[in-house]
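In the two complexes that follow, chain A is the common piece, with chain B as its partner first and chain C second.
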Partner chain A sequence: MSQSFNRGTVEDFGRWREFSAGMWAWIFHKFTGWVLVGYLFTHIAVLSTSLGGDELYTSTLQGLEALLVVRFLEVGLLAVAVFHILNGVRLLMVDLGVGLEAQDKSFYASMVLTGAITVASIPTFLGGPLA
Partner chain B sequence: MAQHYSSFERGGRRWLLQRLTAVFLIGVLAFHFLLLHFANHAANITFAGTQARMSQVGYFATMWLFLVTATFHGVNGVYNALVNQGIEGTQKNAVKWVLVVAGLLLIAQGTRVALAMNGFL
Partner chain C sequence: MSTQIEQQETEEQEQETEVESPGDRRRAQKREREAKRQAQRETEEATLDDEETVLLKVFRYDPEVEGKQEPRFDDFRVPFHKGMTVLDALIYARDTYDSSLTFRHSCRQAVCGSDALFINGRQRLGCKTQMADLESPVRIEPLPHQEVIKDLVVDMEHFYDQMHAVEPYFDADELPEDGLEEQRQSRENREKVKMSTRCIWCGACMSSCNIAAGDNKYLGPAAINKAYRFAMDEREGENRKHERLRIIEQEHGVWRCQTQFSCTEVCPKDIPLTEHIQELKREAVKNNLKFW
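So, the complex of A and B:
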């Protein structure tokens, strides 16, 4: 609950072995948030090639997709986005006071589901034409 | 029971807007990923295909709202994370205005991109 809020232990990373599920959820949500906001700026920068005409846009996107490393980065992006979404739903539930007793379990469920969705997405991301 | 941690002051306006944009983004981000990676493979994206999608008013409006809400959610999240780390005074004010300007520039550039994609520019 909010009255037992104590960030000091979360930010003392030297004590990571003692972190509870809620602390890990807080750290992972923050990390995935930083990645996603960084990606948002990069994404708009890449899509800005549309201002340079049809050919530039198509060749830039297809050129990036032709690189295997980009496909792996996309799998990573999906993992980050899925965790942020699932843990975000968990946070909304916690804020609404729903399932407070199970917030540790819902964090573990978010992790397992993120892993499963990420693994299941690999064939799709690695499929399609490569260079 | 595990403790509840948040980077937000509960009940504030920034907290509420972060939650409201989150609800919208959960659906739209999932839709965006499914449409452009699973229904259509990203390797097959062409300007013509993008233009066909962006020419639909509903899709264009959804994508533009996606841009605005994602920018707000991201920039507001960064600001709150930094306030949560303890920045104060001039530092806090400088961070605030850098993020406001960066967010507005991103929305302006994203809007130009959206208009180029639907053939308006």
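So, the complex of A and C:
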């Protein structure tokens, strides 16, 4: 029913609160999936510098790791990947019809686990000296 | 109602005097009624002060009346009583304050499916929702993603079209020889389709679905659930089941479902809609993939 009636300002106010677990899971899964595709391209671009020789590759990676933004982006990438994998497993279960009553709980569990793993990864990503 | 009887009496009395023109008489009666209604409203509002009340914020819109074309919210304060449903409150507001307040209702017991509304940010049946369970003020809006006709009334035609698209009637491959014999269903099979038979065509599920909102052609949870009800009925036979699966596995059929579970959460008859859609997806795959 795409021709939804325009109810003016009363329409949009507070709409996001109507979202339930399954809807958030869907939005986040789409978002993380496409971020991962985006990363795939940058990943290939960075790796292909090795075609220009050992030195170029090493200096590119060192140069990137020296940037604080890159360190933060890595944390973000991990968070995105972990959520996508955990929720991906959740979706596979949903497709198989396993544990449908617990679909909201398994989404919250994915979120909490993603948070925990992300926090635990911070020392690794941000810890090393910015050469 | 007592007021009607009173009005009749005044009419009769005035007809006897016969000094005014009929128009004068009608206008006088109208003024009188208006004054009476005003007085009634005032006394009721005054007495409400010592009573427990609830506040309704009701979506209003009427494209046919100038001045009501811009959507707005009207406040209605109604006396609360134990066991009061949202529908009770709306009926009170309409009967007491504003007879132009428009909404559908009929059975008042979650059977007819007329009064699915958007209450405090969620699709619910007015007659099945207790006022006591809601945070005040109670916001009442027409179902989202459907064309609003007036106030709380939405256009259900498209929803009905989708329901009819799945051919929602029992249609067995083979009928009993004399055509009259009962067509018995096993207890197990009855259990299997039991929940899916409970749909009351209220449209709450369709309204809650993000996918249906973005894809007008998507069959939607209720129609797919209908298809499930018959596809899983063993009495119909294999041929009919294949035909039914062909309908629901079309481009705008089951595969549009992204398992957001919003339909399952809002269904007032507790039908496990997502579960049924997922099962039909698996049936559709089995129907098409034959390696053996």
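Methods note: the second predicted complex is superposed on the first by the 116 of 131 C-alpha atoms of A that agree within 3 Å, B and C clash if a C-alpha of one lies under 4 Å from a C-alpha of the other, contacts with A are read in each partner's own complex, and residues count from 1 in each chain.
Throughout what follows, a residue touches a chain if its C-beta (ideal position, glycine included) is under 8 Å from a C-beta of that chain, and two chains touch if they have at least 3 such contacts.
Note that the structure is a prediction, hence the values are computed from the model and not measured.
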For this session: Figure out whether A:Gly33 sits in contact with chain B (first) or chain C (second), or with both, or with neither.
Result: first
Problem set entry | First, second, both or neither for A:Tyr57, with chain B first and chain C second | first
For this session: State whether chain B or chain C is in contact with more residues of chain A in the superposed arrangement.
Result: B
Exercise. Once the shared chain is lined up, is A:Gly22 touching chain B (first), chain C (second), both, or neither of them?
Worked result: both
For this session: Kindly classify A:Gly97 by the partners it touches after superposition: chain B alone (first), chain C alone (second), both, or neither?
Result: second
Exercise. Of the residues on chain A, which ones does chain B touch that chain C also touches?
Worked result: 1-2, 4-5, 7, 10-11, 20-23, 25-26, 91, 94-95, 100, 103-104
Exercise. Where on chain B does chain A make contact in their complex?
Worked result: 1-7, 10, 19, 22-23, 25-26, 29-30, 33, 37-38, 41-48, 50, 67, 70-71, 74-75, 77-78, 81, 84-85, 102, 106, 109-110, 112-113, 116-117, 121
Exercise. Considering the complex alone, what residue numbers of chain C touch chain A?
Worked result: 59, 61, 70-73, 121-122, 141, 144-148, 158, 206-207, 210, 212-216, 258-262, 265, 272, 274-275, 278-279, 281-282
Problem set entry | chain B-facing residues of chain A, complex | 1-2, 4-7, 10-11, 20-23, 25-26, 30, 33-34, 36-37, 40-41, 44, 47-48, 50-51, 54-55, 57-58, 61-62, 65-66, 74, 78, 81, 85, 88-89, 91-92, 94-95, 100-101, 103-104, 121, 124-125, 127-130
For this session: Over in the complex, which chain A residues touch chain C? Could you list them?
Result: 1-5, 7-8, 10-11, 14, 17-18, 20-23, 25-26, 91, 94-95, 97, 100, 103-104
